[in-house]
Structures are given as C-alpha cells and as structure tokens.
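Since the structure comes first, as structure tokens, the remarks are kept for the end.
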Amino acid sequence: MKGIISRLVFGFSILACLGSVTSCSENSINSEETTITVTDMVDDSITIKKNPSKVACISRTTYDFLVAFGLGDKIDGAYSGTLNNDWVSLIYPEAENHYVYDYENSYELFLTRGVDLVLAPEKYIADDLNSHGIPALCVSVYGNPTFDNYVTFFSELITQIWDDSEVKEKAELWETNIETAITDIQEELSKHDIETQSIFYIRGDKDKGVGYTDTCGSFTEYAYRMLGFDFIGADLTTNKPSVEEIISANPDTFVAGGIYQNKNIELLKTTEPYSNLDSVKNNKVYSIPIGFTAFEQISVMSPIFLYDQANKLYSEYFSYDIDTMIKESINEYFGIELTEIQIQYMKQGLNPNGESQV
Amino acid sequence: MKIKIKNLSFTYARTTKVVLTNLNAEIKEGTVNVVLGLNGSGKTTLIRLLAGLYKPDEGDIFYDAKRLTSIPIKERSKIFAYVSQHSVSTDDILVKDFLTFGFVNSLKFYESPSKEQIAKVTAIANKMQIEKLLNKNLGELSGGEKQIVSIAACLLQNTPILLLDEPTSALDLKNQNLVLSLLRDIAKEGKTVILSSHNPNHSLFLNSNVILLNNGKIEMFDESNKVVQIDILRKIYGNNLCLSSDLAYKEVSFKN
Amino acid sequence: MNKKTIIVLITSILAFAIIFIAALLIGRYPISIDDFFNAVFTSDAEYQIERSVILNLRLPRTIMAGLAGIGLSLSGLLYQEIFQNKLVSPDLLGVSTGASVGASIAIVLGLSSIFISFLAFIVGIITVMLTVLIAKLFKNGSSTILLLSGIIVAGFMSSILSYIKYLANPETTLASITYWMMGSFENSTMNQIYILFPVILISTIILLVLSWRINIVSLGKEEAQTKGINYKYYRYLIIFIATLLTSSVVAFNGTISWIGLVIPHIVRLMVGRNTRRTIPLCITFGGVFMIIVDILSRSFTDSEIPLSAVTGLFGTVIFVAILLYRRRTFDEN
C-alpha cells in the first residue's frame, strides 16, 4: 500500500511540474503596438502587428508582391524555391540579404530572427505557428473552390497591413492592370465566334515530366478559363495524370511553364505517344515566360502573362507588345532596366545568361 | 571398414571446459555401439564429431585409414547417416517428400528422385509400417513417428554407418521400445550403429558394445554385459544405483 | 510433380498469357479489340496513337511488371526457405533499403536514370555484403545472426536515407526520391528490359534446375550437411541469387512491398512446401499477380495509384479468399 502511494505521489508531482511549465508561454505581440485583425485566404481571422518589419515569405506568391510594392526592406526572408532563381539576383540584388527558409521551419528559427509575420502557404502551417505565438497568415496558392475571388486578395491584404501611401498606389496600379487585362482580352474574344478548346498546362517547376499540372482552384485554371479554354487539370483528382489519361483527353493545346518548360516541350515533340497527338503535330505547344517568378503564378507580372498567352493562343486576334510591357513593368516595380536580349531570355524560359536554369 | 578414434580432444568454442580429452577407440564394422554417460560427459559431442558436424581440436578420427576431416561432405554422407536428437524443424514437408531427401548424395545437382527411388521410399515405408504416414506433414506426426521417419530417411541414404544422438530421450515408453526394436533389426542387417543414450538398459536391450564416458574420457569400452555392472556404473551414476531385483518396487518394461 | 501441381501450373501459365494480352488492351486510353488488331498487325497511320500506346507504354511496363513479380516472388520464397522463417521478405538483408540509398544519391547528384538504376543495384548488393560481413563477425554461422545483422544494416541504411532526404532540395530532388521509393512501372522502357530480362532468366533457370535440391538446403545446416550437401556454398549461392533478383528489380522500379512476402505463402497454400513445386509456381503466380496490380494501378483513375497501395489491398483480398477456399475444402474432407 505504501509503495503504491509513494509511486502515485511521484507521478503526480512530475505531471504538476510539467503542467506549470506549459502555462509559461507568452503571446509575442506586445499589446502596446498597433494591431489589426485581418482575414487570411482560408477565412481565418488573425490579429497581427501593423506595419511588420520582419516578414517571412514562405508562401510562393508573396515575395514578389512585397518587393514590387516597395516593401523589400520589411522582408526577413523567403522560401528557398522563390529565391533559388537566377533572375532574382539580377532584378533584386538586395535579395542576397534575405534569409533562405525551408518549407517547414522550426519555431525557434522564427523567434531567433525576430520574425513578426509569417506568410504561410498552407493552413496547417499557419495554424501551427499561431498556436505557438508566431503570427502567421495563410496566403494559399489555391482558391476555394476556384481562384476567381482571390485574384486581388493579396494585394488588398498588403494595403491593410502596411499604411504607406506609396504601397497603396502600387497595389491599386497592379489591381487596375490585371482587371484591365482580363476585361480587354475577354471583350476582344466576345467579338468572335470562338469554339471552346481544351488546354493542358505542364507545370514544369519540378522535374516531373509532362504529366504534372495544376488542379481546380489554381490561378492558372482561372486564367485559362478567362482566356476561353477548357482547363484539363480542373477535372482531375490529382495534379499528376498518367500518360494515357493525357492522351485520352487529347488536349487541343499544350502550354508549358516553369524552369523545366524547354525540357518538357522537347519531350512532347520527341517521345511517343505525345508526338502522335494532333496538337503536337500541329505545333500548338506554347511556353510561358519566367522572370522573378513564373509568370503564370499570381504575381506582379500576371497581367503580362495574360497578354502573352492571348498573343500565343489567339495569334489571329491579339498582338500585344510583350517586350515593352515586360521592360516597363520591371522598371516600374523593381527599378531595373532589362536589355533586349534579357527580355528574350525571359520569354524563352531561360536565365539572364541565356542558359537553362536546370 | 573400421572407425579409429585417435587422441581425440574437443572443446567448444569460447569455453574453457574441455569436453573430450584424448579419446582412443576402435569401432568395428557391423557392431552396435551405445555411448553412455551423464549429461555433459560428451556423448552428443562424440556423435557429432563422428558425423562431421564438429572438427576435432586435437587428434583425429579415421575411417578406413582416411582422415575424416579430409573426406568431402558428399563422400562423408555416403559413409555416415546422422539422426539428430531434435526433430526436423520444418513441419510442413510431406513425409514421402522428406524420405526422398536421403537420395540427394546420389543425384546430380539438376536431378530429382527417379521412379525407382520413389518406389524404394514406398518399400521402406511398408517395411517399417509407416505407409499411413506418407501423405502427412511432418508436423502431424508424434515424436516416435518422427524419429522413425528420420531413421527411414537415413536408411535410404544407404550408408554403412548409422549415427543417432539420443534417439529415445524425448519419447514415451512405447515409442522408445519401437525405436529400439527398429535399431536392433537394422543392426541385424549388418550396419554399424552408433548411438548415444542416457539409459544403460538400452545397451542391454540391444546387446551392443558400450563406450562409457566419464568427464570426457573413456572409462570403459566393451560389451554391454561387461560394462553394465553395478560396480562399474556406480563410478559414474553414484552409489544409489542398483539392479531392479534389488528395488523395493517392480519396474515395467517391454519384453523383447 | 503430382497431378494437382500440374493442373495448377498449367492454369497459371494460361492465366499469365491471358493477363498479358489483357494488360495490352486495358488502360486509361480506350482501345477496342478491333483497334488492337489494327494497331498491332497493320501499319495503318490512322492507328498511330493506339500503336504507340500499346507498344511504347503498355508493352514495356507489362513485361517489366511480369519480371518484377517473378523476381520478387522467387526472392521472397528463397529467403523464407533459407532462413526457415515464413515471415521474411526480400528486404530482409537490407537490399531494398540499400538500393533506395543508392538511388537517392544518384538523384541528388542529378544523374540520369540509367545511373540511378546502376547505383541502386550496386548499393543494394553492397548492403547485403555488409550484412554478411557483420554476421561473420559474430563467428556464429546461424541464420538468426544473419537476420539480426540484416536488421542492423537495414536500420543503418534507413538512417542514411533519411539524412540524404534531409539534404535534398525539397523543390526538386526530394520529390523525386519519394516518388522513386513508392515504386512504379510508369517509366519502364525496353532498354531497361533488355538488361533485366537476362538477369531474371538466368536466375530462374538456375533455380529451376536446383529446385528439388533447395528443399534440403532449407532443412538447415545439420540436416543438409549430413545428407551430403555443401550447405555453406548453397546458402551463399541462394542468398546471392535472391539478392540479385531483388536488387535488379528494385533498381529499375523502386521499392515494391508485400509481394515477396505473400506470394510464396499463397503458393504454399495451394501445393505445399516442396520447392520443386513452389519455385515454378512462384514464377507464374508472381508474374500474373504483378501484372494485375499494374493494370489496377493505372486503369481506373486519372493518375496512377502507387503500387504499394494496390499490392496490399488486392493481395489481402486474394489471400483471404484462398484461405477460405482451403478451409472449405479441408472441412469437406
């Protein structure tokens, strides 16, 4: 009897010690600073510090917006995939001061670096950080159910978080640009009797071959739908359809983006059975420019993406001056003057020296 | 062809206790020999040395003037057949398949048993009255039946010498009698039989020679009626050993 | 061989042929029997896509699936026999884990697929050699020590693999490593088959020739040796062949679990333990099973289901069905 009691007392005291320690966590927001409650992309309301000065851009679609709107000095670091791009050091040399984050990072890392806002790509990451006292907002690359209502989400969110009037100006400029792009293209298309064709988007940001695309909810699905296409990825259960599935769907057009675009286009043209498809035989295979980010990702260059694709997919109706648009945008947002040849490399999915990035 | 044991010594690896020390003996062809002794006296070790499962540390065993350690495995299996103390670990082989394994040393690597050999299996099963067991798995047999099957497989190996390590220690009285009777019949056919046993009475039943081991040395090697004497056995088994006629109770055993 | 075995063998060979043809016909891209004949037996340009799908996509992967099924089933059977333990699988001595390490190193270094397969194969073999070497340090020739050594070495390789995955770039190589390890016939090419086929063929021939003798090797050292078999030599030969089979299959297709463990059981349920019977049947059953698994993984969904998901699900159903069948026939008797 005595033995049992002493063991129970021992057990309870250990648990009591642990229990008291767990209540020691503090919220990292100092109540004296101004705060704001915002709704993130998965509809969670989070209270964060206003005008944060050490932002971790883990979500892929956030870095270029912040830099373009003049908030580059408020960034602490970004996801390695974002920074691991030969164009970044050309267009934004200050990026070398930014910390290279992993997709998942320890709490200690953020706390040591004094990060006061994390822009997380997925809800589970944001939830996890918030529950450990690190303010995080989810800025997903996917909309629910589609991306339609989220096109300007992040640029609006930026204007809520930071008070700077220049930031607001740049954000409004961008929002106008993208809305104009969509409206202008759709207006022109409505003038003609266009049969809806199917399109297959080869994502190409990882070396997963032709059978790697984006699904419903992505910006690309939205964009190509706006351009009047039937986006094959929208109906798929995963983003990795098999070869037979693609052949079976028999897309009318292929578009290839990402750093592997040239490799994938080569694959399409030289390997059977892809090379037997009508679309490939008739050369209806188009590339997507890559610069600071892949153009087809929601970014400051997205309006140009739409114009570029309109040119390629409807060459009989559109002939926008993409080169000038790129040059002016890069200058406007990043203050860099690109040469003609560099613009061509961007359009061909190559790095600033004209080499493949892989 | 006799077996000559010369200055044989053996110690198990990584132990210091010497199990057999300087044994010398000659086992004649066609004899039955029972190795007797206490547990740990080296009975099993001696049998296993003869079977080639261990190599002597000192001394040698000669068969027909050839050193056993220089005889290749296949040749040795044509001289010695070995029945282990423990039954075969795999339970789900059919008895009739298991019996054919006795032929492996007469077959080439690409061959499997011929019709004649399979007929021999049936013949020996009939002779040993185990035909009913042929289509059963080894796991379905009783201890005694397993031993008989193992012995049958060894007979099919057709060797001049049969080695058995404590063939009856795990058997009940009836099965013990069965196996010992079988061994007696085998001996009548001219094979050399060497077995170890914990029970001196078995050597009397078999009317065999006895190799009496004491602490790794041969205490005596002679006919059983000379070795199985109270004064000699008491040296090994202690002073409480006595003949059945001296006991206060009657003992049961089998006739013939 | 007895009558029952011959019936089962002939049925399974027929099944193999039928399933093979079916695999060429079935898939995500619809091909009718008419289309099939036109595509294969004519050179009509109209059927170019069908021809391409059948010859470039389905044919290589079906052959590959068949070879993988044969290789892994035989390897599993051999390990189970040699180690006298029905619960062991081809990865017992660490070959799959080792091959994964080799492949991941090649992937991280950015080497092409032929080098990935080559490194996977080499490191798989080295891993088994390491296992055997460590077992020898114990100076105890028993199979249990070899098993233990295999667990140790496999654990070691697994840690190395985790470390390599930690170093890998999550954007590019990590995804490739994970994908490789899940096992797939998607990237099978005829060039790979030209290499794998002779390996499987020669190993299979050796095993068929030795099939009766392996029974005796499986009895263990004492029994085998006293019956006249050089146990040590045969044990190493069998481990070598089993490792060769597993390593080469894994090198080309990634790790595929379950089949090496369970197909031998299914075969034994049907014809008993005798390796003279189980070896040929593992060949046919293994081949048929893997081709069916491949058909299932690629034909009913828009993206391929990982092989390991299908082998377990499909295989368990088959296993339970056979157990019930056996129980029923047993009760009837």
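Labels A, B and C are assigned to the chains in the order they are written; within every chain, residues are numbered from 1.
Just so it is clear, a contact is a pair of C-beta atoms (placed from the backbone, for glycine too) under 8 Å apart; a residue touches a chain by one contact, two chains touch by 3 or more.
Please read these numbers as outputs of a predicted model, since none were measured by experiment.
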item: Chain at the geometric heart of the assembly (C-alpha centres); value: C
item: Longest centre-to-centre distance from subunit B, chain (CA-based); value: A
item: Distance between chain centroids, defined by C-alpha means - subunit B, subunit C (Å); value: 43
item: Interchain centroid distance [CA atoms averaged], subunit A/subunit C, Å; value: 41
item: Distance from the mean Cα position of subunit B to that of subunit A, given in whole angstrom; value: 80
item: For subunit C, residues contacting two or more additional chains; value: none
item: Touching two or more other chains - residue numbers and ranges from subunit B; value: none
item: Per-residue overlap in subunit A, given as positions that touch at least 2 other chains; value: none
item: Subunit C-touching residues of subunit B, taken from the complex the two chains share; value: 13, 51-53, 73-74, 76-78, 80-82, 84, 88-90, 92-94, 97, 101-102, 104-105, 109-113, 137, 157
item: Subunit C-facing residues of subunit A, complex; value: 80-81, 84, 102-103, 205-208, 211, 235-245, 247-248, 271-273, 276-277
item: Partner subunit B, residues of subunit C touching it in the complex; value: 84, 139, 209-213, 215-216, 218-220, 222-223, 225-230, 268, 272-274, 276
item: Interfacial residue positions of subunit C with respect to subunit A in the complex; value: 27-30, 48-49, 52-53, 56-57, 169-172, 175-176, 179, 186, 298, 301-304
